[in-house]
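Heads up, the next two complexes both have chain A, just with different partners, chain B and then chain C.
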Partner chain A sequence: MSSASTVLTSAAGETHGFLSPTGVEIAFLLVGLVTFGAALVTVTTKQLVHAALWLVVALGGLAVEYLLLTAEFIAWVQVLIYVGSVVVLLLFGLMLTRAPIGRSPDADSGNRWAALLVAVAAAAALVWVVVDAFRTTWIDLDGPAAGSTEATGASLFQNWVLPFEALSVLLLAALVGAIVLSRKTKAEMSSPPVNSRTATKSSRPVTESSQSVPGARTNPAEQEGAS
Partner chain B sequence: MHLAYPAVLSALLFCTGLYGVLARRNAILVLMSVELMLNAVNLNLVAFDVWLSKAAEETLHSGQALTLFTIAIAAAEIGIGLAIVLAVHRNRGTADIDRLRDTAEGHESQSSDGADHSDGSDGSDSDAHTAAQAGRAGKAEATA
Partner chain C sequence: MNDVLDVALRLLVVFVVFLTFPLIIGQTEHKVMAHMQGRLGPMYAGGFHGWAQLVADGVKFAQKEDVVPAGADRRIFQLAPAVALLPYLLVLLAIPIGPGEGAVGEVVDAGIFFVLAVMGVGVLGSLMAGWASANKFSLLGGLRTAAQLLAYELPMLLTAASVAMAAGTVSIPGILDAFEWWWLPWQIVGAIVFFVAGLAELQRPPFDMPVADSEIIFGAYTEYTGLRFALFLLAEYAGIVVLCGLTTVLFLGGWHGPWGADGLGWVWTLLKTAVLAFIVIWLRVTYPRLREDQLQKFSWTLLVPLSLAQIALTGIVKVVIQ
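Let's turn to the complex of A and B:
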């Protein structure tokens, strides 16, 4: 690593250039375009289930970006948690709130032009500031991976043990909170079977779906007739 | 790699999520946009951690540790958020955040209210307003 001193500053300018991007940069750019396009489709499509499926593409593209940045452990955690569970939870939520299959004309609010204005202004300001601030900054991706499982695990359990344990308490609180939220409505519906007292978080959508299925069976015909 | 690539990508993703949060009506689509914003922050954290871990001899890997914490908190947030959305949908019959204007629960007219809304989910807002006002009036009578 003779170039260790020329990693950060503009002194490394002679070895890097905008006009001769490396292979990693080209790959990052292409995957980034796919990710950004999928994110745009996610927030603009009128088909609700398609939005969740395009979100899979965006999150998977981000996992590939993590891999290109040599953060492999984060990449696999991203695939496991986001693509594996969060999107499935969102699809369950769409199903249980009786999201219409097909195009729903009222997916966007009436203030979408104000939202577009705010988002474009924020994007322009952020991109301008970021590009201007880090114009001469280069990441050195050579050498040992900065985010290998060994390095991440060592730093996590050497320096970040207390936040890690606090996070487990927070996850427990979220688990209990989700159970309490779904049990309260069950008590108000006045038909809680005794077995559902011991329902865990993973089995919660199943019990809810079994309760909301009769209404869902009668309503879509009327909704289609109305629309 | 130039640091501007991941930084610009994360800024664009964040603003995409911002547009989604502001423009969407379905609560679950709003949650998806929040996930996009959190992922943009994660990409920023990872990129700057990779940059700084090569800059310093001794590093805490704080960016990647914070990314892991953010992912776990986002998973908890999506679980709680979906539980809330499902509870609201069961009470009010809609997950449309433009219609959820009152902060109190309508206990008395709950069942009929929900049935009305789910039957006419494309209906006008005036029905929802009158039903909500009726529920509020009934609740006031019950407490008086």
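Let's turn to the complex of A and C:
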């Protein structure tokens, strides 16, 4: 996400005032307010699935902000990854475990004041650093798009190759970690998975055990052998 | 021409296409399925071979009562059909029908990412419907939808990336400008993977486990009636239009044709799209439904490796010819 800021063009020659905002600036502010509101509702609502759907609004609002800053590529990737995949994964997890209709009274944490403190501190630090770093940098919205796919790609693979590669190694590590974790839990499970293909496609001969009650299938060694 | 008028005209044309093409495909499906099964299909509505059957269906849907179950989450239940349908309207904006900038609703710089991102949003509608219905079958349908999307989004993206690598751009008109006839054999694996993964994302047979009517009634749409149900059905057919159009412009050369491309580009695009739509219908009639584990296995062990191999092939050829 931070690569949006790397494609800013410096046009510090002119003076920029905050008192005569242009249409784009007003739209940016309004969308920002909507995004902020949606994010607030996301963390405060007591309806779990509603929280996930408000997250869609917040992430979509962020994508619109990228669009307004002419970072078109980043905007669509934001929608593709966060709205299309992360939120779907989130909803999948919620539906798989529990997703009651209506309020969940226990969907509240005793740590919320500590969480609020951390969130405000993190936000303050981020805003301070970003404002301090990009105080004199302005995006020329009228010229050629500063965040087009070509500009983003050139910047990413010329100036930012090392962070890019480091990130991909990090993702690879996460991937390997996920595989290790899932394999471990599979080995520890004593009962065979329901509806597994091994139960229907096993090539073992028909024995007494397979004709008897389904309880006979709970022999892990036999299941492992059949697969 | 006046700019505002120009934009309004383009939007109007896209909207009309969005309203009529799904109906044409729906009617074609009625007739093609019927003939493949040794029947006649609708014959009476409208007089000539039942051409007005879907119009009659629409009138019927509009007359039905719009029921929201008592235990449902009312707002999300009512919002879901719109979330499922509108993304396809947006995607249609970015599909060029002929050469030049005049034959596309809106030139999008990162066109491939735009269409895939927006198509992915449409699935949220099914998820919302599945959860908000407060029905076990709906929830199962929603779960299966999500699992299917997660499995098939990846091969779709990878194969689209392969075309983008070949063309050196992610803009759809740019890809069409760069197209050569020998891309067809070069990208054929990617084309098939893209089309199949797209079918799965639309939950069309043989990938219709999320709406498997013989086991979970109608999946996420079980509780819907009347016009909202019709909107979900319309979303499915709009999805066919979008998928076939995208496969055409990304892999089959869109408006390029073996002869007579001057002024006839749009005919080629429509022709290729229609043939693909026929294949979609054909697959529905001929293939049995894949089981849930077969669905997952098919994507992760076949489509993803194939799309990775396609990317490798694209990269090698690209380096060699430069």
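In this section, the second predicted complex is superposed on the first by the 135 of 227 C-alpha atoms of A that agree within 3 Å, B and C clash if a C-alpha of one lies under 4 Å from a C-alpha of the other, contacts with A are read in each partner's own complex, and residues count from 1 in each chain.
Here, a contact is a pair of C-beta atoms (placed from the backbone, for glycine too) under 8 Å apart; a residue touches a chain by one contact, two chains touch by 3 or more.
On a predicted model such as this, the values are computed, not experimentally measured, just so you know.
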Quiz item: According to the contact criterion defined above, which of chain B and chain C contacts more residues of chain A?
Solution: B
Quiz item: Looking at the overlay, does A:W76 come into contact with chain B only (first), chain C only (second), both, or neither?
Solution: second
Self-check item: chain B versus chain C as contact partner of A:G84, first or second or both or neither
Solution: second
Quiz item: In the superposed arrangement, which partner chain does A:V161 touch: chain B (first), chain C (second), both, or neither?
Solution: neither
Practice problem: Scan A:F92 for contacts with chain B and chain C and give back first, second, both or neither. | Solution: both
Exercise. Could you say whether A:T22 touches chain B, chain C, both of them, or neither, answering first, second, both or neither?
Key: first
Practice problem: Could you tell me if A:L53 is touching chain B, chain C, both of them or neither one (first, second, both, neither)? | Solution: second
Exercise. Could you look at A:V176 and tell me whether it touches chain B, chain C, both or neither (first, second, both, neither)?
Key: neither
Exercise. Using the superposition on chain A described above, determine whether A:A122 touches chain B (first), chain C (second), both, or neither.
Key: first
Practice problem: Mind sorting out which residues of chain A both chain B and chain C touch, each in its own complex? | Solution: 73, 77, 85, 89, 92, 96, 99
Practice problem: Within their complex, state which residues of chain A touch chain B. | Solution: 7-8, 16, 18, 21-22, 24-25, 28-29, 32, 35-36, 39-40, 42-43, 48, 51-52, 55, 58-59, 62, 65-66, 68-71, 73-74, 77-78, 81-82, 85-86, 89-90, 92-94, 96-99, 106-112, 114-116, 118-120, 122-123, 126-127, 130-131, 134-135, 137-141, 143, 146-147, 151-152, 155-156, 159-160, 163, 167, 170-171, 174-175, 177-178, 181-182, 184-185, 188-189, 201, 204, 208, 212, 215, 219, 222-223, 226-227
Quiz item: So in the complex, which bits of chain A are touching chain C?
Solution: 49-50, 53, 56, 72-73, 76-77, 79-80, 83-85, 87-89, 91-92, 95-96, 99, 101-102, 145, 148-149, 195-197
Self-check item: Residues of chain B defined as touching chain A within the complex
Solution: 1-9, 11-20, 22-29, 31-33, 35-36, 39, 42-43, 46-47, 49-51, 53-55, 59-62, 64-65, 67-69, 71-80, 82-87, 89-91, 95-96, 98, 110, 118-122
Exercise. Flag every residue of chain C that touches chain A in the complex, lowest number first.
Key: 71-73, 76, 108-110, 113-114, 116-118, 120-121, 123-124, 127-128, 130-132, 134, 139, 142-143, 146-147, 149-150, 153, 157, 169-171, 293
